[in-house]
Amino acid sequence: MNNEDTLRWLTRVADVLHENAQYLTQLDSPIGDADHGTNMDRGFAAMRVKFPTMTTMDIATQLKTVGSTLVSTVGGSSGPLYGTAFLRAAAVVTGKTTLEAADLVALLDAFVGGVVARGKAQMGEKTMVDALIPAVTAAKEALAQGATLADVAARAATAAEEGAKATIPMLATKGRASYLGERSIGHQDPGATSSMFILQALAEGTRTA
Amino acid sequence: MNNEDTLRWLTRVADVLHENAQYLTQLDSPIGDADHGTNMDRGFAAMRVKFPTMTTMDIATQLKTVGSTLVSTVGGSSGPLYGTAFLRAAAVVTGKTTLEAADLVALLDAFVGGVVARGKAQMGEKTMVDALIPAVTAAKEALAQGATLADVAARAATAAEEGAKATIPMLATKGRASYLGERSIGHQDPGATSSMFILQALAEGTRTA
Amino acid sequence: MKKLINKPEDVVKESLAGMALAHADLITVDQESQIVVRKGAPVQGKVGVISGGGSGHEPMHGGFVGIGMLDAACPGAIFTSPVPDQMLAATKAVNGGAGVLHIVKNYTGDVLNFEMAAELAEADGIKVAAVVTNDDVAVQDSLYTTGRRGVGVTVLVEKIVGGLAETGAPLDAVVAIAKKVNAQGRSMGMALTSGTVPANGKPNFDIGDDEIEIGIGIHGEPGRRRIKIAPASQITEMLANPIIEDLGLKSGEQVLAFVNGMGGTPLIELYIVFEELSRILKGKNVTIARSLVGSYITSLDMAGASITLVRLDDELTKYWDAPVHTPALRWGR
Amino acid sequence: MKKLINKPEDVVKESLAGMALAHADLITVDQESQIVVRKGAPVQGKVGVISGGGSGHEPMHGGFVGIGMLDAACPGAIFTSPVPDQMLAATKAVNGGAGVLHIVKNYTGDVLNFEMAAELAEADGIKVAAVVTNDDVAVQDSLYTTGRRGVGVTVLVEKIVGGLAETGAPLDAVVAIAKKVNAQGRSMGMALTSGTVPANGKPNFDIGDDEIEIGIGIHGEPGRRRIKIAPASQITEMLANPIIEDLGLKSGEQVLAFVNGMGGTPLIELYIVFEELSRILKGKNVTIARSLVGSYITSLDMAGASITLVRLDDELTKYWDAPVHTPALRWGR
């Protein structure tokens, strides 16, 4: 996967989050403040302007650009969380012109590490972490079984989907949803869902790569 | 008609205005501020407390009591208007223990005179005057034709009914309804309607008298 | 209807009791006569300034009782003008020997009740003068009709008049400045929703999710016309232009610009209207020398806004700037 | 959705522009960095006090920028905490050499963004301290969760802290009093209706004509529980009792009582709640030594109210009484 593939991935993320902005905001209404879709769309709309200038950037610089752009434009919880995630991901692929399966796993590991370092959430607190940690675990398993980069991405995406769904019965203890106590049960977490979209876009992008 | 009959009339007015408070307020909604029923009901609720003490009053004192009570409790436009009306009516029957047809006509004439003196409205401005003036005119005609007191009251009530209905197509130039301009057309005037109720109560009261 | 109230019939008295408790340093509430009186009234030798009208317009008028504004206010039932007894009690409570000014909004009910109160006060030997505000350009002015409603300018009249009265000016001077502010002031309002009178329990008028009322008053009555919802820029034009025209504002003149919320509209929206209003006036080279943005003359929980412009000169500016200390308006002390 | 706005995406910037025009004597708005800054900032030798958070809570925070309160405010998108760039710009704009205090409401987004901003500011050699407000008793406090929301007490923290900072007190003293007010303050809120985020166009939650939400925050989120509409007396008990209990108020103590409107609730109702609150506190022999009644920390056009109590001592009372001059709070000058 080279800097063309990463750019295709990020472009796909921008598209998917834009198409699903309303859906994500709807998820954020019953257990949040109805802005997650708007927030993510604002951040990746800012990215869209920069994509043309990113064709000549190496992968690390591309991811760094995403990270700092999200920090500067998204706000809310998701801005610092995803911003830090992309910045950490960038750090572990510095200097690389192409990513092998192992590099992608390292990238995802750093990505999730960034979210956890910033947000201090653990599994089961009804946050994006509940989609991201299973995704990395699946990616690592796939790698151990010698899977291709495309398979690694695909397995991560599937795990993220299951992880996002799994947030529905959870009682939130982090983020706004935690204010609702028992009433947070029965709703899918918006951030876990945007994480799912980001990883699905990766899988699709690498499949066609 | 003696001071028992006037008290029966006033009690009937209190009952009718209470039963129709919501209706009068509804009439006051599209072309006013939705309080005419509440206002009239507040005033005659205050009267209700005084009725027991009024059996020993002569007619003029009874009417004076109504006038000053309405002034002190109703507020809005209708308070001073009906208040002045009852005060003026009281003045013309001072000293009388029973009222003949001619006395009733004089009473009604003074009543309407009070409203006009206070409110400066003429026929056709979509106010209580549009029910009251036709009522007095009808009463005078009836008297000229030698009608009984009961007939005088009945004819006045019928004229007031027609007068109230006649306000529907009128364009208001007095009172709150005038602020609506053209939009005031097509609604029956609440004050003209309460005037109608007051005269209907008189007719019923005297019929049974 | 959903409101933070107990029994509808107790709303006015309980709200007055709350205001009295929250501002015991400034006002006292006489529940018996249902009037709000400035602490320490009457001020000897000072013209007493009172106003009144139906309740449901809070903070007007009770919230403007204090130092440098009103000496007393007479709150009636919701949207129903008070009775002469209240105005008489207020007039007596604030009469410091220099006479009492009645600031009356032009509604038949308010005018008639204040009229009767003035007759009674004068019978008691108190010098009373009345000034009627009628600034609503949504209503055609005419000798043969009830005439224009008194709306937003009333707040500004009360402030400026109170500022002058505080200096010990005589009654005729206080009357003169009241008439001047009213003559130099015009207003127009609009509603997004209808307010709900507690005693009725349902909105005064039904209005669609895409409709607004232009040319409303402050008693929940419908406006002059109903239109489809429009951007704030257009709505502000619809309110400001008739005012500017009727006032005959000329290039180079200065105004006091008042953007008022009707009770259910938050500040974030009022500032957008103020921004549009500034743009319109700038285009006509009219300077906003003073401004007031907030919900000061409301119509219960109605969502909407009104604009009031007063042409300023040095005298009006001076007494607008004069210190005021009331529950709802405060500066300079 | 019916609002007095133009394009939803322009609401925040246009409203800020309007506020800047209405209060040009007190504040300037830097639209580029989207921050509200006190005129004449930075004040040399004075601790800079800033706050920020999502928009939709007007007048908080921008309306509290001026003399004796905040030196700058960072308004984010509606209900979305601002970005570190804004807080960094504000921190630089108010740094008078004595350090800068960040007043942060306890929401993950606000905390994380202020955290990143503080890291950046310190990298630039500016001394920064942060105090997080978390006064909402509707939320169980716990080490393992996000913890309590910062709500009404934030307004009172900003006023009292600003009063002390104006005297030139050092950063540690300013931090100490901020923590003290937060520690002595508790709040709880309720909603009659849901607010509507302009970008979404529909209410955040549906609620029946006979239902209310108890234990809401200020971001249009549903509350802890939904109940049938009740009289103001009972609702006030539901809000006040958990506060009094959690604060451990004892007979003979004094409080600052703040009854706040959520944006769509008029003053006439807030005073009724204040009257009920006074009754409850009197019953516990707790004195309301100071009070504030009005819509100061709102949730767009949501109808509802919140109650905040702060246990007062001489120090807090002194700096509450200290002169303040901002668009939304003014006294003593």
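When the chains are written out, they are named A, B, C and D in that same order, and each has its own residue count from 1.
We take it that a contact is a pair of C-beta atoms (placed from the backbone, for glycine too) under 8 Å apart; a residue touches a chain by one contact, two chains touch by 3 or more.
It should be emphasised that the depicted structure is a prediction, and the values quoted were computed from it without experimental measurement.
Asks: Chain C to chain D: how many Å between their CA centres?
Replies: Going by mean C-alpha positions, chain C sits 29 Å from chain D.
Asks: Centroid from C-alpha atoms only, then distance chain A to chain B, rounded to Å. What do you get?
Replies: Each chain's C-alpha centroid was found; their separation is 76 Å.
Asks: Calculate how many whole Å lie between the centre of chain B and the centre of chain D, each centre taken as the average of the chain's C-alpha atoms.
Replies: Computed value for the inter-centroid distance: 55 Å.
Asks: I need the residues of chain B touching at least two other chains; which ones are they?
Replies: Not one residue of chain B touches more than one other chain, so the list is empty.
Asks: Find every residue in chain D that makes contact with two or more other chains and list them.
Replies: none
Asks: Could you classify the connectivity of these chains, where an edge means two chains touch, as line, ring, star, complete or other?
Replies: Basically the chains just string along in a line.
Asks: Could you list each pair of chains that touch one another?
Replies: Once each pair is checked, the touching ones are A-D, B-C, C-D.
Asks: Provide the residue numbers of chain D that touch chain C in the complex, in ascending order.
Replies: 1-7, 11, 14-19, 21-22, 55-56, 58-59, 63, 192-193, 209-210, 212, 229, 231-233, 235, 263-276, 278, 288, 291, 293, 295, 298, 300-301, 303-305, 328, 330-333
Asks: What does chain C use to touch chain B in their complex?
Replies: 54, 76-85, 107-109, 112-113, 115-116, 136, 138-140, 142, 144-146, 149, 197, 199-200, 204-205, 217, 219-222, 224-225
Asks: Could you please specify the touching residues of chain A with respect to chain D in the complex?
Replies: 25, 29-35, 38-39, 42, 71-81, 118-119, 173-176, 178-181, 183
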